[in-house]
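Naming follows writing order (A, B, C, D and E), and every chain is counted from residue 1.
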Amino acid sequence: TSKRNPGSIVYRLKWLYNVSAAGDIWAQESGIFRSYGLTVDIREGGPEQDAIKDLELGRAQFGVASADQVIRAVAKGARVVVLAQIFQINPLQWIYIKRNGLVVKRPQDLKGLCIGVTYGGNDEAILMSLLRQYRISPDDLKLYAVHCDLNPFWRGKVDLWPVYKNIEGIIFQEKMAKNGEQACFFDPSTAGIRFVANSLITSKKVYMERPKVVRDFTEAILEGWRGAMDPRKKSRVAEAIHRLDPDTPISIIEKQIDATRALVIPRGNRDIGAIDRRAWEQTRDILLAQGLISHRVDIRPLLAGPPP
Amino acid sequence: MKILERLFQFFSIYIVALGLLWAVKIVYGFSDYLIPSPLEVLQIARENGLLYVKAVLNTSAVAVAGHMIAIVLATAVGLVGRLNSWPGSLTRIAAYNLQAYPIVAVAPIIFLFFGDGLSSRLLIAAIICYFPLLLSFIGIFAEPVEEVEHFYRMTGRINWRLELAIRTFENLDKIITVIVGSGTLAMVGTIVAEFLAASQGIGYVIRKALYQSNLAKILVALFLIGLCSSLYLSLIETIGKWIKARLTGE
Amino acid sequence: MKILERLFQFFSIYIVALGLLWAVKIVYGFSDYLIPSPLEVLQIARENGLLYVKAVLNTSAVAVAGHMIAIVLATAVGLVGRLNSWPGSLTRIAAYNLQAYPIVAVAPIIFLFFGDGLSSRLLIAAIICYFPLLLSFIGIFAEPVEEVEHFYRMTGRINWRLELAIRTFENLDKIITVIVGSGTLAMVGTIVAEFLAASQGIGYVIRKALYQSNLAKILVALFLIGLCSSLYLSLIETIGKWIKARLTGE
Amino acid sequence: MHISCRHLSYSYPGTGPPVFNSLDWSLEGPGFFGLFGLSGTGKTTLARLISGELSPNQGSIDKSRDIAILYTHSAERLPGWETVGTHLRSVTKASRASLLEALLRDYEMEDYLECRFSGLSMGQKNRINLARYLVQDFDLLIADEVLANVDEPTRNQILERTKLLFPQKTFLYISHNVLEVARFSQAVYVLPHGHSTGIENICKISCLDQQAGSEAHEELIRERVYTILKAASGSSGP
Amino acid sequence: MHISCRHLSYSYPGTGPPVFNSLDWSLEGPGFFGLFGLSGTGKTTLARLISGELSPNQGSIDKSRDIAILYTHSAERLPGWETVGTHLRSVTKASRASLLEALLRDYEMEDYLECRFSGLSMGQKNRINLARYLVQDFDLLIADEVLANVDEPTRNQILERTKLLFPQKTFLYISHNVLEVARFSQAVYVLPHGHSTGIENICKISCLDQQAGSEAHEELIRERVYTILKAASGSSGP
C-alpha cells in the first residue's frame, strides 16, 4: 500500500496504545501529521511485534524500539538508524509497597530482598549491570521470575516488581492507594545505570531514499511530543489517548501523562527527542558485558538523527 | 430449546464459578488486588460492556471463519492422508509432526510471514482447532464400512467421493460431536492469536487486562466469551441435527 | 522400527522447513536479525544445547505426567458423562462449557490458586490435552456395541466396567490414535503454561528468546521439542500396538 | 411359564403401517414352539416385544412372575479380546460346566475354543452363540434364526439334543425352514401374511414334536407343512 | 464362462489349519450351480478366493478373459442416506430399469421402496440386496447365503424366476438348504467335511435343474439330497 501512495506511512509502535505513545497519538489526533502532508497509519506493537523486523520487511517505514533492541538488531546486520530518542529516562523501574519501613533508595538496599525480573527482558540487563557495578553478589538477594501473574507481588512474596513507571506504575499506585498503602519506585538511573528506552527509528533505505519524508516525519513526531507534554493540553491529550485506549479511565491517563513528562523532557536546554550518545554507549556496553551482543557495535553511525 | 438449554447451562456454570471465587476471597480474606469485588466487576461491565461485546463479536466472526477453514483443511488433509501412496503418507507425516509445535513457539514465524492482520488470526485459529478434527477425520476416512462398500467395490463403482460419503454418513454423530468440540477450540485459537499479536478482539482486551493485572476485566471478558461460544455451539449442533434428520429421512 | 521411522520423518520435516526459511532469507536478502544464519543456529545449539536439552526433558516429564492425568480425567469424565442421570449431564455440561475458555484467559485464575509451580504446569497441560480425549471418549463410551452387549444385557450381566471394556475394545484403534494425538497437545499445553508463568522448561526458554527477538534460539528449541515429541509419540504407539496385539491374540 | 399379550399394538416410529394391531396371543410352556411367518411379517418384532426390548404402543404383555426370558439373534458377536473358550467359561456357572462341554461336543465346536470369534465361519458363530445362551438361567429362550447359517444335518442334530437336554424349558424358535419347524415343534405359531393394517391374530398349529431317535410319518409331516404354509400365506384362519 | 483353480492352497493368517490344500476345481457356465458343505468347511473362503477378495497362498485361479465376477453375502447393507428405491435406481443402468421393476414385483418389495434399509426385516434386506446385484453386469454371481433369512415359499419363487430371467449367466449359490440346492441346481459342488489338513477335492453332483412350472419326481429329489449329504459328511468320493 505504501508503494502505491507515497505519502502514506506505516508507523509501528513498540507496545499497545498507551501513554508511552502519547506524542505519536497526539501527532495523529491533532492533525500534525496532516499538516506535514503525511498520511500515517499507526499500528500497535506487542510481544510478537517488532518494529525493526517490520522495517526490514517493508511493512512499516518508521517505528519505535528500545535501544537494546536496536543495538542487538544492528549487531546482527539489521540496517536501521535512530532519528530521535523519546525517553530520556528509562520508564522501567521497580515498584514496591511502602510497608514495614521498606525503603529502597540505593542499590545496597536491595540486599536481602526478593526482586522480580523478567528473564530475557531489559529489566534483567539493567538489574545485572547494577549488581555488577555495585559489586553486589546475586546471592545476596532473591530473584523472582516475573510473568503476567502479579499475585506473588500482591501477596508480598516478592518485594520489588518491575513496571513501566508511567503506565502500570500509575495503575498500581492507584490500586494501592485504594487499599490505603503507598507506592514507591526504585529508579536504576539514579544509581547511574542509563539504559535507553523508546526511540524513533527508520530503515537505512528509507533514510537514504526519502530524506524529506524522514525529516518531516521526525519533526511531526517531535512536535507531537512537545504538544503532548504541554501541561496546558493535558486534558485534550488524555482524551485522545482514551479514545484509542478506552480501557484506561481519563483520570488515570492524566496522571500517566504527568509521570511521562518527567521521563521525556530532557534536563538542561536540550530539546525533546535529543539523543543521549553516552547513554547509548552505556547501553551497548551493558549488552556486551552480558554477552547479549557478540561484538562491539559502533554506535555513532547508528545515531543519525533526522537528515539535514 | 437447545439454545436456551445451553445458555442456561452456561449461566449456571459461570455463576457457580464466580460464587466459588468470592467464597475463597471471603474465607481467606484476600484483598481486592487478588480477587476483585462483585461491585468492581459490575462497574467494569457497565463501563466497558459495549466495547467488550464488540470485541467478542469481532473475535467470534474470525473464529467462525477459522473454524470453517479448519474443517475444509481437515477434510482435505484427511482425504489425502488416508491414501497409502506417498502423497498420503507425506501429508499424514507433515500433519502429525507440525502439530508437535506449540503455537506460541511457531507464532513468531507466522507473524513474520503473515503480518499481524486478519490472516494471522485466521491461520492460528484454524491451526489450533484443526488438529482434533484431523485426528477424527483421518480415523473415520481410513476405516472401511465393509458391509456398505462391498457392493460398490464389487461393481467397480467405488471412488473416493463415495467412500467419503459412506464413511461420513456412518459416523455422522461422531463428526458432529467433533465439529462442535473443535468450535470451542477455534474460539480459543482466535483469542490466543489476538493475545499474542493483534489490536482487535477480546484476546486483545484480555492481554491489556493482564498487563494491568485486572482480574475484573478478565472475568467480564470470560463471561462474554462463554456466552458467544455457547451460542455458536448450539448453532452448529442445531445445524448438525438438521442435516442428520434430512439425510436419514427424519 | 517405528521409532526410527518417526525420527526420520521428523528430521526430514525439520530440515525442509529450515531450508525453506533460509531460501526465503537468501532470495529476499534478509538480515541475520530477521532470520538467523545457519552458523548462528549452530552456535546457539553448541552453546546452549545442554541447557535446552535439560529444559526440554523437564518439559517432557511434566507433559507425560499431564497426559496421564488427562487420560485418567477424560476416562472418568467420559464414564460419568455417558450416564443419562443428572450427574452425567452435569459433568457433560461442565466439561463442555469449561473448554470454551482459552487457557490464556483462565491461566491467571489457575496461577492465583495453584501458584506458578509444578501443579499449575501440570494442570494446564492436562486441561489442554484432555478435551480432544474427552470428546472421543464420551462419543465412544456412549455408543452401544449392540451385537456384543446384547448377551450381557439379556443375562443381566451388564455393568459399566463391562460396557467400558467392550466399547473400548471395539474402538481400540481410534482410542490409540486419539491418545497419540493428544500426546502432542500435552507437550503444547506444558509449553504454553511455561510460556505464561514458569521459570523452568523449554517454554520458558522460548519466552526469553522472544523477548530478545532471537529466532535462532527458538529454532533450536523447536528442534528439541519435535525430537522429544516424536520419541514420546512413537513410544505410546508402540505400547498401543503391543496392548492391541495382546488383546486380539496377535 | 405363561405369557400372554392383550390388545397388543405396535408400529415402528416413523411412517410405516403397524406391525401388530390389537393382537391377542398367549404362550404356555414348557415345550418347543415354532414361530413362523413369511419374511417381514413381524416375527422379530414380536420377539423383541416379548423380551422387553421394544415397548408396545398399546396393550400389555403379561408374564407369570419371575420368569427369565432370553432373546437371541444371529447377528450377535462375542467380545474380541478373549478366545471363544475363555468367554464361554466366563459366562457359565460352575454347576453348568459339564453341560457346556456336552453342548460343545454335540455342536462339534470343541476344536475351535482357542479361536477368536471373528475367526469362525458363520455357522460356527451361530452355534457358539446358541451354546452360551443355553447354559444361562432361563425359562423362555426366543431364538431368532440363530441357526440360519448352519447346515441342515448339524441343525437337526442340535435341535434334537436341545429338546432332550432341556425338557423343562420353553423355546420359541424362529426359523424359515418349514420342515424343521413342523417336525420339531410341539406347536407352531404362524404370523399371517398380507395384513396391511397390522396382524390381529396369530394362528396356532399343533405339530409333530419329534424327539431324538424317533421319526414322524412322512405323510403327516407333509400335511403339517402344507397347513403352516397356507396359514402363513394368510389364506386361512386356524 | 470358465473358472479353474489349480493346486489352490489357502489358510487364514494366524495359526489355524489350512482350509484348502492343493485343490483342483473348475466351474463351467452358464447355469445355476450349488455350493454345499457343512458349516465351517470353506464355502465362504472359496467364494472370496474366486472373487479375488482373498489371494491364495499357493496355486492359481484361471478365469476366461473379461468375465465379471460378483460376490455377495448376507451381511451387506445399503447406504443409509437414501431410500431403498433411490439407491436401487441409482445403481441400475437405464436399460435395466424394467428388469429391476420386474424383480421387485416378483420379490414383493414394491411397497418398501420408500423405506430406509435399516427399517426392513432381515428377509426383506436379503431380497433387496439380491435384486441390486442381479441388475448389474456380471457373468458369474456368487451368492453366499443371500436368502438365508427369507421364507421358503418366497425363496423358491425367487430362485425359479432368477433362472428364468438369466439363462445366460452363471450362478454359484451357497445355501444350507439341501433340498433347495438339489432341486434348483444343475450341479452341486460339495465341500467334504472332516479334512483337518485342508480340502483337496470338491465333488460334483449333477442335480435336477428344476425350472419354473415343472416339478421333479420326489423320489429323484430324495436320492439327490441323500447323495449330497453323504458327500458333505465326507464319507464318500464322487
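By definition in this document, a contact is a pair of C-beta atoms (placed from the backbone, for glycine too) under 8 Å apart; a residue touches a chain by one contact, two chains touch by 3 or more.
Computed from a predicted structure; not experimentally measured.
Enquirer: Touching both chain C and chain D: give me those chains, sorted by label.
Expert: Intersection of chain C and chain D contact lists gives nothing.
Enquirer: What is the set of chains touching both chain A and chain B?
Expert: Output, common partners of chain A and chain B: C.
Enquirer: So using the touch definition from the top, which pair is joined by more C-beta contacts, A-C or B-E?
Expert: Most contacts of the two pairs: A-C.
Enquirer: Looking at chain B with chain C, do both copies bring the same residues to the contact (over half shared) or different ones?
Expert: Comparing the two copies, chain B and chain C contact each other through largely the same residue numbers, since over half are shared.
Enquirer: Can you work out the whole-Å distance between the CA centroids of chain A and chain E?
Expert: Here chain A and chain E have centroids separated by 85 Å.
Enquirer: Quick one: report the Å distance separating chain B from chain C, using the average Cα coordinate of each chain.
Expert: The mean C-alpha positions of chain B and chain C differ by 17 Å.
Enquirer: Using mean CA coordinates as chain centres, what's the gap between chain B and chain E in Å?
Expert: One centre to the other, that is 51 Å.
Enquirer: Can you check how far apart chain A and chain D are, centre to centre, with Cα atoms defining each centre and the answer in Å?
Expert: Spacing between the chain centres: roughly 86 Å.
Enquirer: Residues of chain E touching 2+ other chains?
Expert: 14
Enquirer: For chain C, write out the residues touching at least two other chains, lowest number first.
Expert: 34, 108, 112, 210
Enquirer: I need the residues of chain A touching at least two other chains; which ones are they?
Expert: Within chain A, the residues that touch at least two other chains are 47-48, 53, 57, 148, 151.
Enquirer: Any two chains that touch count here, so list every such pair.
Expert: A-B, A-C, B-C, B-E, C-D, D-E
Enquirer: Could you please specify the touching residues of chain E with respect to chain B in the complex?
Expert: Interface residues on the chain E side: 51, 70-73, 75-81, 83, 91, 116, 129, 132-133, 136-137.
Enquirer: Using the touch rule from the top, collect the residues of chain D that touch chain E in their complex.
Expert: Chain D reaches chain E through residues 12, 14, 16, 36-44, 115, 119-124, 126-127, 145, 148-155, 176-179, 229, 232-233.
Enquirer: Report the residues of chain C in contact with chain D in the complex, numbered from low to high.
Expert: That would be residues 147-148, 150-151, 154-155, 157, 165-166, 169-170, 247-249 of chain C.
Enquirer: Within their complex, state which residues of chain B touch chain C.
Expert: Its residues touching chain C are 9-10, 12-13, 21, 24, 34-35, 93-94, 96-106, 108-109, 112, 131-132, 135-136, 138-139, 143, 173-174, 177-178, 181, 184-185, 187-188, 191-192, 195, 203, 206, 210, 215, 218, 221-222, 225-226, 229-230, 233.
Enquirer: Can you check the complex and tell me which residues of chain A touch chain B?
Expert: Residues 16-17, 43-44, 46-49, 53, 57, 59, 148, 150-151, 154-155, 168, 171-172, 175, 178-179, 245-248.
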